[in-house]
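Quick one: this structure, given as structure tokens, is what I'll be asking you about.
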Amino acid sequence: MAWFMGIDIGSATSKGVITKGSDFFACHVFPSGTNYRMAAQKLREELLAKGNLSQEEIACTVATGRGANNVLFADHQVADIICCARGISSIFPSVRTIIDVEDQSSQVIRVDEEGRVINFTVSEKCAAGSGRFLQVIANVLRIDPKDIGPLSLKSENPVIFTTGCAVFGETEAVSRVAEGTSKEDILGGVHKAIAGKISSLVERLGSEEQYAISGGGGLDIGLIKAIEEKLGIQLLVPPYPQLVAALGAAIMATEKYDSYGTTDIGTDSQS
Amino acid sequence: MYFAGVDIGSTMTKVMIMAEDERTCSQVIGPTGAEHRRLANKVMEEALQQANLPFDEISYVVATGYGRVNVPFADRQITELTCHAKGVSSLFPNVRTAIDIGGQDAKGMKINQGNLVDFAMNDKCAAGTGRFLEVISDALGIKVEDLGKISLKSTKKVEISSVCTIFAQQEVISHLSEGTPLEDIVAGLHDAIAGRVVRMVKRLKIEPDVVLTGGVAKNVGVVRAIRENLGCELLVPEDPLLTGALGAAILGKEIVLKALAKGEAIPRKGRRLEEATFFN
Amino acid sequence: MAKESKGLTKVKEIYQDRPRRVKELKAEGRKVIGYLCAYPVLEMMTALDLVPYRVLGNMREPITKADACLPTMVCPFLRSSLDLALKDEYEFLDGMAMAHICDVGERMAHIWKTYRHYPYFYFMDVPHTVHKAALEKFKEEIKGFKKSLESFTRKELSSEKLKKAIKVHNDQRTLVRELYDLRKPDPPLVSATQVLQVMLALESIPVEEGNELLREVIDEIKERQEGPQKQAARLLIWGSIIDDVSLIETIESVGANIVMDDICVGTRFYWPEVEITQDPLDGLAYRYLVGIKCPRTCREVISDQTKKAYAADLENRFGYLKDYIKAWNVNGVILQSVRYCDTHGYEVPAVRDYLNSLGLPNTYLEHDYSQGSLAPLRTRIQAFLEILG
Amino acid sequence: MAQEKKRAINRLQTMRPIRAEIDEIYKRSVEAVKAGEPTAWAMVNYWLADAIFNAMDIAAVYPESYSAACAAMGAAQPYLDRCDEEGFPTHMCGYARNCIGYTARMMNDLGGEIPPEAPMGGMPKPAVLVSRGLSCDAGFKWFQALGRYLDVPMWTLEMPIPGVEEGLSEGAYEQNVEFIVKELREFVKFLERVLSKKMDWDRLSETVHDLQEMGRVWHETNELRKSIPCPMHSRDFWSCMNGVTTPTGDLKKKLELYRNLYDEVKYRVENKIGSVAQEKYRVGFTELPPWHSLSLFDTLAERGWNFAIETWGYHPPIPMDLTGVNDPLERLARMSCGGLITSRFRGALQAGEYMGFLGYPNLEYAKEYKLDGFFLHPLLTCRAASAHLWYVQDRLMQKLKVPSLLIEGDIVDIRLFDLADALKKTEAFEEIMDHYKEVRKAEGMEW
């Protein structure tokens, strides 16, 4: 049984997964920092160390994410949308709609029973629908991103963010704080706002049971609840939501390996 | 008589206490931030201490800046635009155009004989404000103060194409991972911000002398970039952060003198040196 | 207190729950037709005993459902209006009357019709010029609108009935002018906030009831003691639709009196009267195409002289502003527009050129049709007022 | 953008001379001005004015196409910035902003001289501005705004845009034609007055005839693209479309060139030669392409994407029999209104689709050209072209199970299009097209 590696270089963090066949074997998360190439290299070393494997034992490696083309050792590159789809359905085969909330953007992906993408839509080039909005606000509130979720759950009456822009949102938050609005209600408001954006993505796409969340957003219990409430749905949350795309990449590596092996660098590498 | 100007910006709170002869008795700069927003009185107290004056000695207090709205100890609120115009022209009598780049906005002011006559303002978008540089220097893991020096080393600045701060940050990171020298990136950032600000100010039909104020004016890189984009000389005051507070104090003085000249009482508010409440 | 506030209280109630009255009327068997912007011919609906109800957005309600079929880079007012429809806020309507107001307005009419099926729906094309042929064409367009209303109501619309309706609507326009006259004194007898509430109330109830209401309001304002404070600034506000008091309140709360407007919930909508012509359609066509001064219509100056054409052009397009400014003794102008409004966007530099030629201080505010975007405008407004002294 | 992998897309040889003809436009107008001849700046006007210009020897330039050229050559940014400085909101049409910036520079800085840096010899100061009421508000607001810089008279061409049901109501069509004819008559008078030139009516008849013929040949060429594999790629369409959308100069010569193009495409059909090596996906492109990133299409061609048809609005009118219509102005009116605006209304009404001019034709294309998907390219500064695309995406899916990939960009502002990101999405979109191929089969659709 061969080993496969999936590397997901995101704007904030880089994630790596090794699978044995298509079963999860080892994983590692590493801040992308300012040099994606180095991040990718370090990530690989750590991963191999964890799985205590040597590079030779990896049959095939697939890179995905914004920085995918900085992963010089990858055999293939595959779009994050596809990896996300494969990743989730390897964990929850019953899922048909994936809500992926990343640092820079959000996307809704619909998949069939084999985890093939049958439709998707990505948030407009606007931070307001993405995890970044939360960080911006957390920054205003001077709180640790980890506390965002729990805090917002305490919100009694969440602020209504009437604006759709993270930058407006920031100013709005600042003046709310000044007026003495509680952090809880402001965060609750941001979660509501993002959930709103996401629900209009879902509206646009149409959706089907069951639902799962992936990406960094899946670590934010406040956001999860807000989305569930807004859409009136149940969200399945994978154990490591931020690792989904990397896992999917590893699974793609198995697919690619079966179709052409490691030698052929497919045409799917970016120009 | 003494006059105080309190300028509560989005990131910094500045207080200046001035004597009747416009001599500075004390000037204090402290952070604003979400929490400090209601604690302007602390900065004021510090200023009084330095000037070692009791609060009652202050004949008039003018509050400005976006936090001006609720300063319990102010006699009057005047916008930062009018205050900057006043402050700048007291330092540079011939100024016709002033540019102020604050933490969360950028302003262009057209000035005629010390008075504001027209203005342009960007507070919609973080790009083109001090916030832009903060966010990005964050991503670069360097101090904002160091940006200027670094950029001067640049030989060929990169083009930052992203319009939005959040995506510019992304762009910067990918430039870095492509191994672009830091100084060229920073120079590119300065050019991006300068380009935006100057375009906005040009809507006012720029006339010299042109003055740059606000925290960013301490950044030699930005100053150079704006100068290049303007294609004309650009003056910078010693304390670019304080022009707003200075203008506020001077306007306070003018109000008082006008009242006295008319033999009227000084139009004071029932002011209290205490925390802001923001519930009114 | 001479008389306890009647009119203005009613106005406030209607403003806070605009559909209430038409819902009552619907329960009594009347049919309610929604209309968007100023172009659908109100007189025809009134004459056929239909209740016209002006469809608006809601800047306090985040837009969600409309995002499924409209991008965020179009006029947020229109997006919001459609959003409310998709949220079933307009299910009480028996029909919609839409017109070719602007690109997005035209597209949205078809989208609206696709996703919401009212018993009646009509889209009226509107020429983009005031050429002679355009006017004739527009007459045919409103004839088509008339036909469709007739077949919907299964009633024939005689020109007598139509002329009667025109009369009633003209009465309303006259009364609105009377109301606006109360803004001429310094300080004005009524605030712009209250005037806007009156206008929005008028667009929520049948015209006859509106006229009643206006009379009450005018008497009340004349008699009442308390009115706006004197302020240095007497402003005119120009630009895209304002259908919520918050922007006006923001400006007035900073310390100005808005004494005149050029917006389509104000003078643009109520100023032009309909001349009762032999064939009433002639008067109507002229009023709606030429009378309504919206930048969506192009008024070229066609002249042989090629010099100084710009000055003539400005006079031809904005001359009426000069009259407003004189008669209401305006000393500053605030231009405002929602983001992404093209017809107003292209207009702004020209209007400013014209105002500058009159030596009138002016400033331009752009907002994204949300409460959040108004707060940051305070500083601009206050600074502008400080310039006015 | 310059380095195209030639093999990826099999370009038509006969396209190149047409391309060259199109580039002539600006040179010709500069010469005309030198020769003291009047030139007009005209919006793309759906043939209403073009024939009239030709018959009256008025050299016309089209700022829309010129702005596109500036964008493609990376020369637009300074003009966009200038427009911003002039106080126009930045969310307005990129073409308009480029043109306003250009004009401000030419008139206010250079006293009417063509800016030395202007691409393709630049656009000379016009004698008259001809804008349009059809298709976008910018179509007339933009030229109206030019009045700040150009003291020249302006005429706005009218064109009705009725709703589907309203437009099909009894007598509506004839009424619209009548309206356009009246307008055109006034327009001719206007030109004669302000340019002191005379209209040569016989010549007009002939020009209109040539235009009609050009439209017919171009239309039939596009019809040929229905065959599998598609013989002509959208790249070639875009290279040639201006010859028809902005027809000036020697129409007879142009007509010849388009006939040659037709023949080459016909030859390919007969010999089953496709415009990409292996046609895996037949895709329709909606709205204008990212002029500054055309390499996108080569990369996709390598993956078997063939772009078989593109935005309806840039196509010639559907040929109609106008024998017995003698008044050339009426021919124009029918050709433009009946052939383009309302020509697909009946189908739309039957299908219960109400956006007859801009929305519905995409549905017919999907069927006629057997498309696997649409590439929708909303132009962030162009509401007219983009406002309905989200709706179109929904209709295509609801009615025909044809998916569409929506990627935002702009016609001028390069910064708004992210090539790498776009390519990622196209990758995922391939799985989607595969999926819906199956779905359509299951639902018994013929492609």
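Here the chain labels run A, B, C and D in written order, and each chain numbers its own residues starting at 1.
Convention: a contact is a pair of C-beta atoms (placed from the backbone, for glycine too) under 8 Å apart; a residue touches a chain by one contact, two chains touch by 3 or more.
Computed from a predicted model, the values in this text were never measured in an experiment.
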- Query: Which neighbours do chain A and chain B have in common?
  - Reply: C, D
- Chains contacting each of chain B and chain D, listed by label: A, C
- Query: Which two chains meet at the most C-beta pairs?
  - Reply: C-D
- How big is the gap, in whole Å, between where the Cα atoms of chain C centre and where those of chain D centre? 35
- Using mean CA coordinates as chain centres, what's the chain B-chain C distance in Å? 40
- Query: Taking each chain's centre as the mean position of its Cα atoms, how many Å separate chain A from chain C?
  - Reply: 46
- When you check chain A against every other chain, which residues touch at least two of them? 124-126, 168, 171, 204
- Task: List, in ascending order, every residue of chain C touching at least 2 other chains.
- Result: 68, 71, 366, 376
- Query: Which residues belonging to chain D are in contact with no fewer than two other chains?
  - Reply: 86-87, 390, 394, 416
- Chain contact topology (line, ring, star, complete or other): complete
- Residue set of chain A touching chain C in the complex reads 124, 126, 160-165, 168-169, 171-172, 175, 193, 196, 199-201, 203-204
- Which of the residues in chain C come into contact with chain D in the complex? 68-71, 73-75, 100, 102-104, 106-111, 113-114, 122-125, 127-129, 131-134, 136-137, 140, 144, 147-148, 295-296, 298, 300-304, 306-310, 313, 337, 339-340, 342-343, 345-350, 352-353, 364, 366
- Item | Of all residues in chain B, those that touch chain D in their complex | 161-163, 195, 199-200, 202-203
- Listed in rising order, the residues of chain D that touch chain C in the complex are 86-89, 91-93, 96, 131, 133, 136-138, 140-142, 144-145, 147-148, 151-156, 158, 160-164, 166, 169, 172, 175-176, 179, 182-183, 186, 190, 193-194, 353-356, 358-359, 378, 380, 383-384, 386-391, 394-395
- Message: Please output the residues of chain D touching chain B within their complex, sorted ascending.
- Response: 81, 84-87, 414-416
